[in-house]
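Each of the next two complexes has chain A plus one other chain: chain B in the first, chain C in the second.
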Partner chain A sequence: MAILPPNVSEGDFESALREFRSAVGEDWVFTSDEDIHAYRDHFSYFKDQPNELIPSAAVGPSEVEQVQSIVRTANRYKIPLYAISTGKNFAYGGPSPNVRGSVTVDLKRMNRVLEVDASRNFAVVEPGVSYIDLYRYIQDRELKVWIDTPDPGWGSPIGNALDHGIGYTQGFYRDHFGAHCGMEVVLPDGEIMRTGMGALPGSQNWQEYRHGYGPDPSGLFGQGNFGIVTKMGFRLMPQPEHWRNGLITVPRRRDFISLVDRVNYLTDLSIIGEPWYGSPLQPLVGNTEFREAALDFNEDEMDRLAAAAGLHSFQVELQFYGSERTTLANWEYAKELVAREIPGARFTDGESLPVPLTREQIHETTGPYPTNMRRNITQGVPGIGVWYQTSRTEQNPNGWNETHIGLFSLVGRSGEAVFQAQKDFAEISEIVGMPSAFPNALQTGVNWYQFSFLMGNGFSVGGDNSPEGKKRSTEMLRRILEENAKRGYGDYRAPPMLQDDVADQYSFNDFALRRFNETLKNAIDPNGILSPGRAGVWPAAYSSLRGSLR
Partner chain B sequence: MQSGFAVSTASLVLPQVLRAESGSARVSASSAELFIYDERFAESVEAAQQATAGHIAIASTAEVMNGLWYDELDLRWKEDPMTLAGMTTERSLFVFETLALDRGMRVVSRTAGVTEDLVSWVIGPRKS
Partner chain C sequence: MSISRVAAGFALSTVLSMAAVTTAIGQDSAAVERGNAKYQHSCEPCHGDGPGEDGRQMLPGTDALRIKYRGALPALLKERSDLTVEVLRAFLRQGSMSMPPFRPTELTDDEIVDIAAYLAESSKAAAR
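This part shows the complex of A and B:
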């Protein structure tokens, strides 16, 4: 399946490959179908179609100087590059490039943990280090710091942070880009730049003061295409002496509003870690009477049926980090705060564990309530089980989903905003003819980012995996994004096939933000070689490809 | 059933079902040091029993996903390119394939349709 980069002759491509081999060694330039297979998005809606985003080759540097050399060669031959760290990011395009025929720069071999300081609480890593690698490095040395891991934890801190990925411990650390401190970047012309205090030769504070002096361009490299990040620092949470969790349920639907207010208060005082909302009413979805009430957003009727079933309407699980006494005191305070505002609220003590956890405690699957799927990630322990477990049912023991995709909109961090989004998303499902997989009235926000909720539209697009079926599903997803934007909802992340659609949501003042970014892009990367089109930022050299996947 | 990595049996023969499928691979199932099975499927359990009879170490997908991969498999792969074989769901294979790619390994043989839900496979060194 030999393909060429766009507008590059076979001869020039061969010359470029020779230069790549000279830079990284014969063994680390990949062009065979078997090797290229590893750089496909196995969940792509375009898999095996002529427009599938497949690279023409992959190059695996092990040193930053090799990255510089690759970038310079690409400039010479005007070959688009697409850099990946460990190439996970499943649901958001995986390792696949933005432009078919790009050369993937696979940074897996740059896999050194350069520093972990357990007194000043930071780490510096290369792109090929995974969360699992970093966790193992810390555990092996019994360092008293925690990582904040996504789930599964096989991706890299750099790759995840650069795609604005998230985790599950305390608020500051959950925002992985927000928790970074200092980066080293190979710019499109091959030059190396360091941000923040890294720009000051001899600085002792690269991982402690992020801003340096003057404009800080760090944000350009998050979901950006302005450079290849080759080192990055991250703030780490000091290892707490104790971890504890607890569950709060509230009886009536409208209690959710007060619940969110109280939890926001606790969150923003850094008393709790990630709050995990849900609804205990899921068992009633099979009840026709309840389902109809939920689909109609008939709150009185939902409350009546919930009470009749002895169920509460909403719940939140809270995590506490500190000493045994402070975590207990904070849990008691959380209970008191909610009980004061919400009559009938119930409280269930969760687990209470001293830290460091033993491997037996990490693998323990029982608890006062079923949280094991999430427990480890709230303790900064990376795993892979979530990938294996999710979607498997008795009816579908394989659990394979050909078109795994992530789409989450930013929603206001209040109960009222969640209720409004529930109604909006239900209405949008009707408009686009894509039925919700469950009553939107039971949906809650996820509080991955401390100061905002994310919510999915709740659609179900599975079923028809024929090329025509996938095309129809893609068109529906695009319509959903359009309708979301009309109501003020923007997505925070997207796979390449939807990047232009999400970028279109951010249209204030005739796309002033995009025009600004593209002005910068054209100045910094005149040949447009670095990830053209990433997040909808198209350089002039490839602007004809904007929207080409529609 | 036996689990873990206690037995290293590079020269022993894997079940017929695997040998037939991996004949063209540069690294064959017969050089596997560990066989992965899915305890929910009789065909997979039977293949694991045959592997055990051939002195191949075995582990269930559940064991691997719940920590064996971290405590043993990943460490082994960091040291040397140990070959794995298995009969699992596509979803489980995806996990093994993803982990393998990070350690310079890849799927060298893949046969879908063993049953409606199962695929048999071999993971070996990327460069072989």
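This part shows the complex of A and C:
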């Protein structure tokens, strides 16, 4: 046994393991080095270092009563727990805990799809169900509902929603936590609670009215450490009859501002699914004159060079769900709306396909225009194809992306805000000495969350996978988060090694929000056993560990 | 830690490989069927023969093995006849490059034995 939980004696740990075995069975408590290996973050920046976030043991319950029993034992011996669902939160820490030596509660065996209602359009699942599992369940029964999947889709709807994950279809469904509709939670004292209408015995509306009555604490369980979620409902999108896409390009740089305004209008009227922004000027990046203009944010010069090359400055791909006629009418309306505001805008019809798309149609890459849109995720079809981004490739035949990490800042959903962020991120790159991988002036926001943009800083970490190289990258990322916060940018999600840093960004009124959360945490979880440190919320029992990974 | 982990892994896998031999000889069709189902669930999404994303010809796991072996071995797992229980187990429990390790709650040791039984059959079919 290589690691003990912090401040727990070997004897107490042995006793706790005995109780865990008694609760879940001998076969489902894991302590060997080999078994524990699979509970490490495969992409850890601290791999094999003394501070790597490795659990002391893992325990795999299959029933909610077993989860209750585990929590009660942990309280008895003051052992920190860390719950995972499918453990695929890669780029954000994978299955690894916030505190080295925690016991991982692996909920993968709780893998039942409890209900899918294709008339009222919801599903209820357990944490071990993956998006792929739920998709197959629906397909096998020929139910006419869609899931909204992240990419890749091997993760859990519950785990993904609880980490505020996102998808790619219609606005409401893309916010996975926002699209949840009630949950069952094992609280830190082992009691079971249900939120929303689930709190009313015999209610018919658990998945239809999530507020219930009085304060709704659901938000505490998203990126939180106030309980272990054992069931959760999700709203599902009815399967549309038809899907259509189209491309809009606008000639001048400043046209992007009107373009975003118009697309916001269409989005918020639920006329379009996720819009995919980009810049057709990428081919000019190799041109020295253009590159210099872009690095200087010289807008007139960029417009001049773009016009000389016959290229437009920005683009958006729109997608429409509905019937053949309504999607056509909505596309015609989108064109009319943009043409009214932006002289010279061009419109290219995309494809118009009955739903469900065939496998061939999903993988079709030729079309009326070169598309950036990954089609399976626009159709709610989960897959793992995107994992090539981390894998051995022809360009990197002997290596892989060991420093896969996700960091995205929330940026206002306007053209002006994007332009400001471009300049701010370029300046930050200069300050920290981490050059952007491309001119920031061409960067656009992603509209995963309907009401906000997310943007990365444009840096590229990695290249040096030595412990020293990873340490340097980590320090650089911390400086970037700090500089982002000085300019009003906060991240939406982070791996454990950076969660304290992101939590530090949210400092209004001397960290009033964090103090509130920690007051609640100490009241509800006095021993601080549930995921201490998650999202920077540290219970008193472990508060000395705040910032200890720096 | 890594030495003891590997040693422990292979000690157990030796025992399990005996189970695989039994499977191969006994042609336990139930094991092959279970292995097929588990393979489709846990391996095929990355190692299958479908096209990949963003215009790539192959799924990432298949493409990674194509690049690794350059034709010396099949890129598709289901065409590989050399994936014994111990080899499978080592890769699945340790992970390989960007493939993260599989936890025992995702794939039990018995299920790995079943997958090996399935691959023994699927590779024969591919060779025919």
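The rule is short, and it goes like this: the second predicted complex is superposed on the first by the 532 of 550 C-alpha atoms of A that agree within 3 Å, B and C clash if a C-alpha of one lies under 4 Å from a C-alpha of the other, contacts with A are read in each partner's own complex, and residues count from 1 in each chain.
The rule is short, and it goes like this: a contact is a pair of C-beta atoms (placed from the backbone, for glycine too) under 8 Å apart; a residue touches a chain by one contact, two chains touch by 3 or more.
All values derive from a computational prediction rather than experimental measurement.
Peer 1: Examine A:42 and indicate which partner it touches, taking first as chain B and second as chain C; both and neither are also allowed.
Peer 2: Both partners.
Peer 1: Please work out whether A:32 is in contact with chain B alone, chain C alone, both, or neither, and reply first, second, both or neither.
Peer 2: Only chain C is touched by A:32; chain B is not.
Peer 1: Kindly classify A:2 by the partners it touches after superposition: chain B alone (first), chain C alone (second), both, or neither?
Peer 2: In the superposition, A:2 touches chain C alone.
Peer 1: Using the superposition on chain A described above, determine whether A:132 touches chain B (first), chain C (second), both, or neither.
Peer 2: both
Peer 1: Who does A:58 touch here: chain B (first), chain C (second), both, or neither?
Peer 2: second
Peer 1: Comparing chain B against chain C, which has contacts with more of the residues in chain A?
Peer 2: The larger set of chain A residues in touch belongs to C.
Peer 1: Where on chain A do chain B and chain C both make contact?
Peer 2: On chain A, the residues that contact chain B in one structure and chain C in the other are 34-35, 37-38, 42, 86-88, 108, 132, 154, 359, 363, 383-385, 387-388, 391-392, 397, 399-400.
Peer 1: Help me check something: in the complex, which residues belonging to chain C touch chain A?
Peer 2: Residues 1, 4-5, 8-9, 12, 41, 45-46, 50-56, 59-61, 63-64, 67-68, 93-95, 97-98, 100-106 of chain C touch chain A in their complex.
Peer 1: Taking the complex as given, what residues does chain A use to touch chain B?
Peer 2: 27, 34-35, 37-38, 42, 86-88, 108, 130, 132, 136, 154, 359, 362-363, 383-385, 387-389, 391-392, 397-400
Peer 1: Please give the residue numbers of chain A that touch chain C in the complex, ascending.
Peer 2: 2, 28, 30, 32-35, 37-39, 42, 58, 60, 86-88, 90, 94-95, 106, 108-109, 128, 132-133, 154, 359, 363, 365, 374, 376, 383-388, 390-394, 397, 399-401, 404
Peer 1: So in the complex, which bits of chain B are touching chain A?
Peer 2: Checking each residue of chain B against chain A gives 40-41, 61, 65-67, 69-71, 74, 89-92, 94-95, 98-99, 101-102, 106, 117, 126-127.
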